[in-house]
Each structure stands twice: as structure tokens, then as C-alpha cells.
Amino acid sequence: MKTLQTYIDKLNALNFKEMYNNDFFLTWEKTDDELEAVWTVADALRYMRENNISTKVFESGLGISLFRDNSTRTRFSFASACNLLGLEVQDLDEGKSQVAHGETVRETANMISFMADVIGIRDDMYIGKGNAYMHEVADSVEQGNKDGILEQRPTLVNLQCDIDHPTQCMADMLHIIHEFGGVENLKGKKLAMTWAYSPSYGKPLSVPQGVIGLMTRMGMEVVLAHPEGYEVMPEVEAVANANAEKSGGSFRRTNDMAEAFKDADIVYPKSWAPFAAMETRTTLYGEGDTEGINKLEQELLAQNAEHKDWCCTEDLMKTTKDGKALYLHCLPADINDVSCKDGEVEASVFDRYRDPLYKEASYKPYVIAAMIMLSKFDDPAAILKALEERGVPRIFK
Amino acid sequence: MKTLQTYIDKLNALNFKEMYNNDFFLTWEKTDDELEAVWTVADALRYMRENNISTKVFESGLGISLFRDNSTRTRFSFASACNLLGLEVQDLDEGKSQVAHGETVRETANMISFMADVIGIRDDMYIGKGNAYMHEVADSVEQGNKDGILEQRPTLVNLQCDIDHPTQCMADMLHIIHEFGGVENLKGKKLAMTWAYSPSYGKPLSVPQGVIGLMTRMGMEVVLAHPEGYEVMPEVEAVANANAEKSGGSFRRTNDMAEAFKDADIVYPKSWAPFAAMETRTTLYGEGDTEGINKLEQELLAQNAEHKDWCCTEDLMKTTKDGKALYLHCLPADINDVSCKDGEVEASVFDRYRDPLYKEASYKPYVIAAMIMLSKFDDPAAILKALEERGVPRIFK
Amino acid sequence: MKTLQTYIDKLNALNFKEMYNNDFFLTWEKTDDELEAVWTVADALRYMRENNISTKVFESGLGISLFRDNSTRTRFSFASACNLLGLEVQDLDEGKSQVAHGETVRETANMISFMADVIGIRDDMYIGKGNAYMHEVADSVEQGNKDGILEQRPTLVNLQCDIDHPTQCMADMLHIIHEFGGVENLKGKKLAMTWAYSPSYGKPLSVPQGVIGLMTRMGMEVVLAHPEGYEVMPEVEAVANANAEKSGGSFRRTNDMAEAFKDADIVYPKSWAPFAAMETRTTLYGEGDTEGINKLEQELLAQNAEHKDWCCTEDLMKTTKDGKALYLHCLPADINDVSCKDGEVEASVFDRYRDPLYKEASYKPYVIAAMIMLSKFDDPAAILKALEERGVPRIFK
């Protein structure tokens, strides 16, 4: 039987001291030990919640969410993570604030952070912008803390940017680890990150990029499959290549979905927009060229429609390892004849994997909470132990 | 002098074990003991708050509110109830989420519930839809909990559906109980649930239906009065009839407001839309028939306007028991020459009952909190006792 | 080294017993001791937070925010203050509620206050309305508490009205006190509250009015400078005159910005709308005269544009005391060539004072929290002591 001590022992064997008072932007900026620490704390927090041990480490404090897009999942994941640790969420959105009226990032970042222990940002729309914006915010509050304006230094958690979607991919990976019984069992496993058709356009690249940037570190055989013209950022492919080399796995690209699926242990079929087109769109937005944006949208939709055969069908699933590859998705999926006529996946495939998909999603709040804890405490293992000893139940008894 | 032990003793004499890990949809799905348990816990929680004893039973946890309509009262009542128990409210509304973009109920219900201990839903617009939707959500999270996706099973509280408005009617009833000095004093009392004119149209039927479905259980003489054409759902009238028979009271319908008011101990004059028209409207909405909806609205407004004499006047109030019937309303009321020219009630009547009306409303947060507690704890009496012994003050001293 | 006892001793020497169970509308309705108590508790709370001592005095309870305008700063300041004390914020805005649909103030005030310990209101748009509305709300909940509807009496905190902006000015003053090393060092210091050009119109008068109504109490030489036609409310000028006389300082008005800046120790250059024009606008809004409002706006913008020379330049700053006057602003400022072409201040001036400006802002949450504490506890000094003895850390250790 697992006990909390198992997780504490595991943590004590890892080196993650650089995470203290630090932020979480991209998985490939973190060491293997640091990622392992996130999964371990996430599992420990889940264990504690399931055993009715309060993990409230903040008596007061705010978690600020700053979302450039609407999002049920990420919003509730962030709110859940904050709540689990004792932080109250305050949303900063343009409708509620004066951000839209010309305030500088530095000023706003400080003004919202007087009681903020964490800032979660989702900004994935514009290539070259989201991650940069997050760094601007993080630098601002770091400086604000140094200057004595902010009593504490809020941690920044990247809830999805133009480059990576670390909370999603770390949750995906934790799901994989649990399904395969441990990181040590992933060596040599084949993972197919493949494009799939969707009737909408402009879906972010952060998921495929995050997946190839993370999954290549475990010694897996990672294949990125997409139609010609749907390339991801070359910098991230370079990361994937370097990772694979170091981890003893492999990374390659193909334009053949069937080849990617063949004998795969894990498949992740999902739509995304071409990187180059998103760059163009970012420029058009910058220029306020509405006509250009509309024209681009029509072109992209037409381009997508040429690839309706890129669908995760039952036939394709049969070609995977024992016909039983683990099917992943960040949700919501475009399901054939359910959410749209033609989409990313056949309804029967999706339905068969519904439970594992929801479990996959359920790791995200714990992953976010773990990222916060690892930034806020220099000895989180000791904190977990002390929380167990404190023994305050989450639900009174 | 009342002590907490009084409520605990009362609870211990009741059988409400089926409420544990269960939801609250309609009052007539609950036994008399179960309803009594709600009122008893509500009174106990109010007693504790008034005596500065913290009733925080959750160290962390979320209360999700899902409102299809705007609502000051219900929103703040739910937030107050959650806060009283230690849950943080997170609103799921379409503006903030992707619900509108084709997510299935099952998926959304799970995605928002990873840390959710309660989900409160208000969905009263469309006949045949609101209650059904609530069941879909409740079934989804029940299944999610069984499948190991959700660590806990969130309780669903019906904050108003197309059939019943249980938190309102339970608060109304608790108010009546306090005004009349106990449930045992209600036998034979006459309650007039009557339609009243309003210049707006399409007001929900859940209040009159909830009232006749609940108040007929106490041995009262319940009269439902409305102009011809303003019938409520026949299923609920059947419930009222069965209740009256069982409780030794009576239920009857009249088209004569004066007759209903005559010698009444309690009057509840309030506008609502005709059931049949709401069914039609639901169909028209389903078909996206805007022209049909507008036409129906005009017809209904014209129909309403024929019954401006259905108003709670001073003259009518004089005909009630000793001229002093308890006047009830779920608020906000349409008050003559205040919120509109002609409305549901004369200003002087409303003014005279302002205090009791606000008290009536003040029970709702406690009723909601009681529903949550009865679902979350298998021995709430023991919990109340333990909270008193814990003796944490709500406000530090 | 400062200890908490320093603040407690200071508090014990002050008379502020009238603040208990009271509200905070205008600074000039408070005694000097009462203002001193606010600053002292604010400093104490900040000391405790910086020393990781939890100041959570509420186990549960709501802080209601009611904002007629959007506002990042005030919103987050209020949320931070509430969170610091253990209150959960619930926003009442028209989009989320039925306030817009004819509810009376009295009814709404009670309906949202069943669990409310504090109500923060910002209502600064219409001359003669905002402060009056706040009183209406405060009177309603005071009555509701007396009538047994509300278990507690929520405190009202004025987060900006048409007359004063007490949380801003009290924070400004606390900043000045810290910069000058104590209230006792302010006697004879020259403070210039001056109008400055902005390309927007209709900025509230509450800041200049709040400043002259407060800063004249410390024996300072307060100068109000503005172009002809930008007069503030005469009632507030009368307050400033009386204050100055009593405090041994002075208050005078000039139409010459340079004269105001000359040898000033503190400068507060900021745009505002002419009082008389705001009165006219209030009337036009009341009459729904859109054409009149638009015409007035054009006139005011044209009038503003005649005074582009009213800018806080480097040249002007050089004329202040040692060229180093403390520059104040409530933020956001209109910065030349940053937020607009011509504005209130040159970019290099603003940049040089960025740190102090952010510190100035950082006092606001503590000032608001102090106002709440002083209203909620009859012996806040004892509470601070007890909190220190309780020794619960804000962040678990």
C-alpha cells in the first residue's frame, strides 16, 4: 500500500532546488529531476486529498488568473489547484478592468499582485507573443518584489502559451506514467502525435509542441505526423531532436498518419494550425488588417478541408499495438457526428476512451498545485510531512 | 432558551439517511422527515452563526454555480451558503467558458468537478428541460465518481428548475414555521397561492408549483387561484392532491382571487406564465422561430393585461384572517406605482410586510447550506455537536 | 527594530471608539485620532504579513463589491484587503444580477448581505449621487440588522464617490508619512495638488477633493492649482480652509501651475473634470439627453485642449524643493508619448518615480483592511495582540 512517505522519499532523492522562488514556462527549461518532482508532488497532493488530509498551506493569499481566451477546463483546473492550497482566485479580465485602456504590463502586474502568491496566464493566440508576455509579467513582479513593492514574489505558471502547454502536457505525461506503471516502463514505447482534421481553424500549436518537447525525454519513439504545410515551430523540433538523442529515444516527422499509428503504444490525434500561417496571422492582427485575416481564415479552412482523411478511426486504432494504444486528447475533441460532421476522431473510439480521457484531465489541477508548491517552499517534502502530522481533515469529521 | 442541543435532539429523532450522498431536486421526492431535517439543520446553522460558532466544515473545496439566468438573490444565497461551510464559489457561465461551443454535458460536468463538493444549478426557462438537465449533470458526476475520475461526488442542489423551486419554497416554509410557532400549528391553516398581474411575461411556474407541492404536506387548506388559462403543470397538481389527502389538509383550484383570499392565514400573490404557453415557447425556441416567439410574447402580454384586477390590494388583505394574513413573495415583487404602474401588490401592503419578506428571504442561504450538509455527512447531528465543541469563532475574538 | 507592540501601543493611545460598528464615507467626517488609527492598523497588518503572521480574523464571511465603473486597482485592492482578513469577495455587477431591473436599493442591499461583513462601493460618476447612494445602502443594512434580518451589520467602505476617494487619499497620506518619517514631520511642507492635461475628459473630482480635504489637516501648505473653469466642489474647499486653519497650515487656490510647483515638497499633478460641467452632465444623464451629453463632451475636450501646457515636466520638477519633490499619482497616469501624445506627465519624470508610485498604491489594500478591522472589533489592539499570540503562519511552515 502506498503511503505519503513513498512520495516524500522519492522527492528527497531528487534535486529541484532551482524551482524554489522560480516560475514554470516551458518543460524543456526544467531538468528531469524537476519534472519528476512535479509529478511526485502532484501524486502526493492527490493521495492526501483522497485520504481527507488538508493540503491548505496558505491561510490567505490570491491566485490571479489572466486569460486571453475563454476556457472552462483551464480556468477550473487553475481555480481547483489554488483552492486546494488555500488561495482565492481573482480573475483579471478586460471586461472587469482597465487593462484594455493602455496600462503598461509592468504597472498592471504590480497593481494586481499585492497579495498574489501565483499568477496563471493563458495567452496562446499569437506566435511570438504569449510566452514573451508571460516573461514580461514575471520580470515585473520579480522586480516589484526586489523593490519592496510586493511583500512576496508571485510565481508565474504558464497555463498555455504560443510555444508550450506545460500544465496540459505534464498532466498527459502523469496519466501515461500511471497507465504504464512508471516512467521506467516508457523506454522504447511509440507515441504518435498526429494532426487530425477539424472544421475549425487556428487551433493552438502549444499542445503538439509541448508533447514533442516533453515526451521525447523518456526514451520513447516519438513520431510527429501531419500533412504537408502543418509544420510546428522549428525551434521546438530542435528541442525534440536533442531530447531524443539524450534520452536514447527517437524523434521523427512524417506526413503519413497511418505510418505514425502503426504499432503505436500511445496516440494523440489533434488538430492544429500551421505555424507559418499563425505567424502571418499575428502580423495581420498587428496591422489591424481585418480583410487579410478573413482571407487567411478562408484559405486555412479550405486547406484543412483537403485533409478530412486525417481522422482517428476504428480502422486506424486497430493498427496500433494490440489494437489498444492509449488514446490521448486535451479536450474538447471534435468528434465525428457528435460535435461536428467530420472531425478528429470517430465517436466509438472517443467513447471507448472517455474514462481514461477524463482521468487524464483530472491530473491537471494537481500538476498546477505541484508547480505552485515547488516554487513556494524550499523543502516541500518536509511540508508534506508536516501537513500529514498536522492532520487537519479537508472535510470536518 | 434554545441551545444547539435542541436541534441535535430533533435531528436524532428523524430518519434522513437517504439524503447522504444524494441530491436535492424536488421537495416531493423527499420524505417529511427529510424536509424536517433540512429545516432543523438550517435553524442550527443560523443559531451557530448568531452565536459566533464557525460552521466551516470544508477546509477547501469548490461550490460550482451554473446559472442559465441572471439572479442576484439566488446567486448570493448560494454563495453565502457555500461560504458558510467553507466552500469557494466558482461560477460557470457561458461568457467565461466554452460550454456554448458544443461540449457535452457529461464532459463539462466532470471537467468542472475535480474539486467540487456541490453544484448549484438554476435552469427554469424551458418546460421539460431544466430538471432533466440537472439530472444529466448529477448522473454524470455520480458516474465520474464511480469511475475514479472525481475524488468526491458533488451534490446537486436545484436552485430553480422548470418544475420546482425547492430552496425558495423550503425557505418560505421555514419562515411560515417560525411565524406560526412550529409545523404542528399549521394544520387547518388556509394558504392562498394566487396568480397576480405583472406587466412582464413568462415568469417561471416553479414558485406556484413548488408551493402547492410543498405546502399541501402540512395539513393546510391550500387554494391555488388564477385566471382561466394560467394553469400550472397537471403533474404537480396531482402531487398537491395526493399530498393533501395524505396530510389531512386540502387542495383546490379556483379562478376567483377574492375567494382564495377570504379568511386566508397566508397569501402568496405572484405572477406566472401559463404552462401551455411555456410549452409552446420551449418548442419555438427549439425551432429557433424568433417571429413565433415575438408573436407569443405579444399574445401573452395582452392576455396578462386582461387581468390587471388580480392585484394584492389593501381591500383584499382586509378579507383575510383578522385582516392580517402573512403575505409572502419570493422577491422581487412588481409593486404598484413603484416598480411599475400596475403590478402584483399595492405599495402600502408591500411596505407593511417588508420586514417579514426580507426575513423570509434570509432563510434561503441556511436552507441551501443544510441541503449540502445533509448530503455530505452521514451523521450531521454529530458534526454539529463536534463543531460546537471545536468552538472556533467565526469572527476572531 | 519595530515590533507589533509599537503599533499596539500607538493604538492604545488613540480614541477611535466611534469607528466600531461604523462606516467610512469621507475623511473629514473622522477625527485625527481615527485617521491615525487607520494608518496604525494598516502598518500593523503589513508588518504581520511581512512576518508571516496570519491576520485572518474571519473564518467565513463575504466582502461585497459594488462597482459602477470598471477598475483594476480598486477591485484588486478591495479583494486583497478582504482576503487578508478572511473574507471572500462576491461582486455584484449589473451583468450578473437583476439590479438594473428596478430593484430598490433597500431590498438589494439586504438580499446581498445575509453573510456580508463589508460592502465596498465605487460610485463616482455623477455629482450628488455616489455618496448619497452609499448612505442609502448603509442605512438599509443598518436597519436590516436592527430588524433581525441581517445577523451582522456590514460595514460600508467608500471605494470612491463623487465627493471623496478616502481609500486612495489615506494610502497617499500613509505613503507621505513613510517618506517623510512621520506625521510630525509634515508641518510646513508644501503640497501642490494641481490639475494636469489629459486627452480624456470627465475624470472624477474625488482625488483632488479628497487630497485637499485630507492633506490640509497635517499643518501642510496645500495649494490647489488649476486653469480657470476647473473648480472643485465649493463645499470641499470650505472643508480644506477650515482644516488648514485648525491645523496651523494653509490652503489656497491658484491658476498658475508653476507657482504651485515652486519649492513644493510634494506634487500631485492629475487631470479632473470641472465640477460645474459634471453637475450639468449629471442633469443631462438624468434627462437621457444623449445629444446634450455628446455636445458637452466635445466642449470639455476642446476646453481641456487649451491647457496642454499643464504638464508635469522635468523643467517644472526642477523648480520644486531641491528639485526632488515627492511625485504622487493615483494611477494610471497619462504619460507623454507613452499612453498618449500629450498628457499629465513627462515619461522621464514618471519613470524616475515609478517605484515610489507603486509603493504608494501598495498601501491601499492595508488601508481598506484597517478600515474594516476598526469597524468590526471594539478593541483592535487586543485583536492584533491575540493574533500574534495565536501565531498561525500565513504560509505554512
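Order of writing sets the chain letters: A, B and C. Residues in each chain are counted from 1.
Please note the rule applied: a residue touches a chain if its C-beta (ideal position, glycine included) is under 8 Å from a C-beta of that chain, and two chains touch if they have at least 3 such contacts.
What you are looking at is a predicted structure, and each value in this text was computed from that prediction instead of being measured.
**Q** Rounded to the nearest 5 degrees, how far is chain B rotated relative to chain C when their C-alpha atoms are superposed?
**A** 120
**Q** Look at both sides of the chain A and chain C contact and report whether the same residue positions are involved, with over half shared, or different ones.
**A** Different-residue interface.
**Q** Any idea how many Å lie between the Cα centroids of chain A and chain C?
**A** Distance between chain centres: 41 Å.
**Q** Residues of chain B touching 2+ other chains?
**A** Chain B, residues with two or more chain partners: 56, 88.
**Q** Which residues of chain A touch chain C once you look at their complex with the stated criterion?
**A** Against chain C, chain A makes touches at 56-62, 88, 90, 92, 95-99, 101-104, 106-108, 110-112, 114-115, 117, 144, 147-151, 376, 383, 386-387.
**Q** Across the complex, what residues on chain B touch chain C?
**A** Residue positions touching the partner: 46, 49-50, 54-56, 70-73, 75-77, 79-80, 83-86, 88-89, 91, 331-332, 338-340, 354-355, 358-359, 361-362, 364-365, 392-397.
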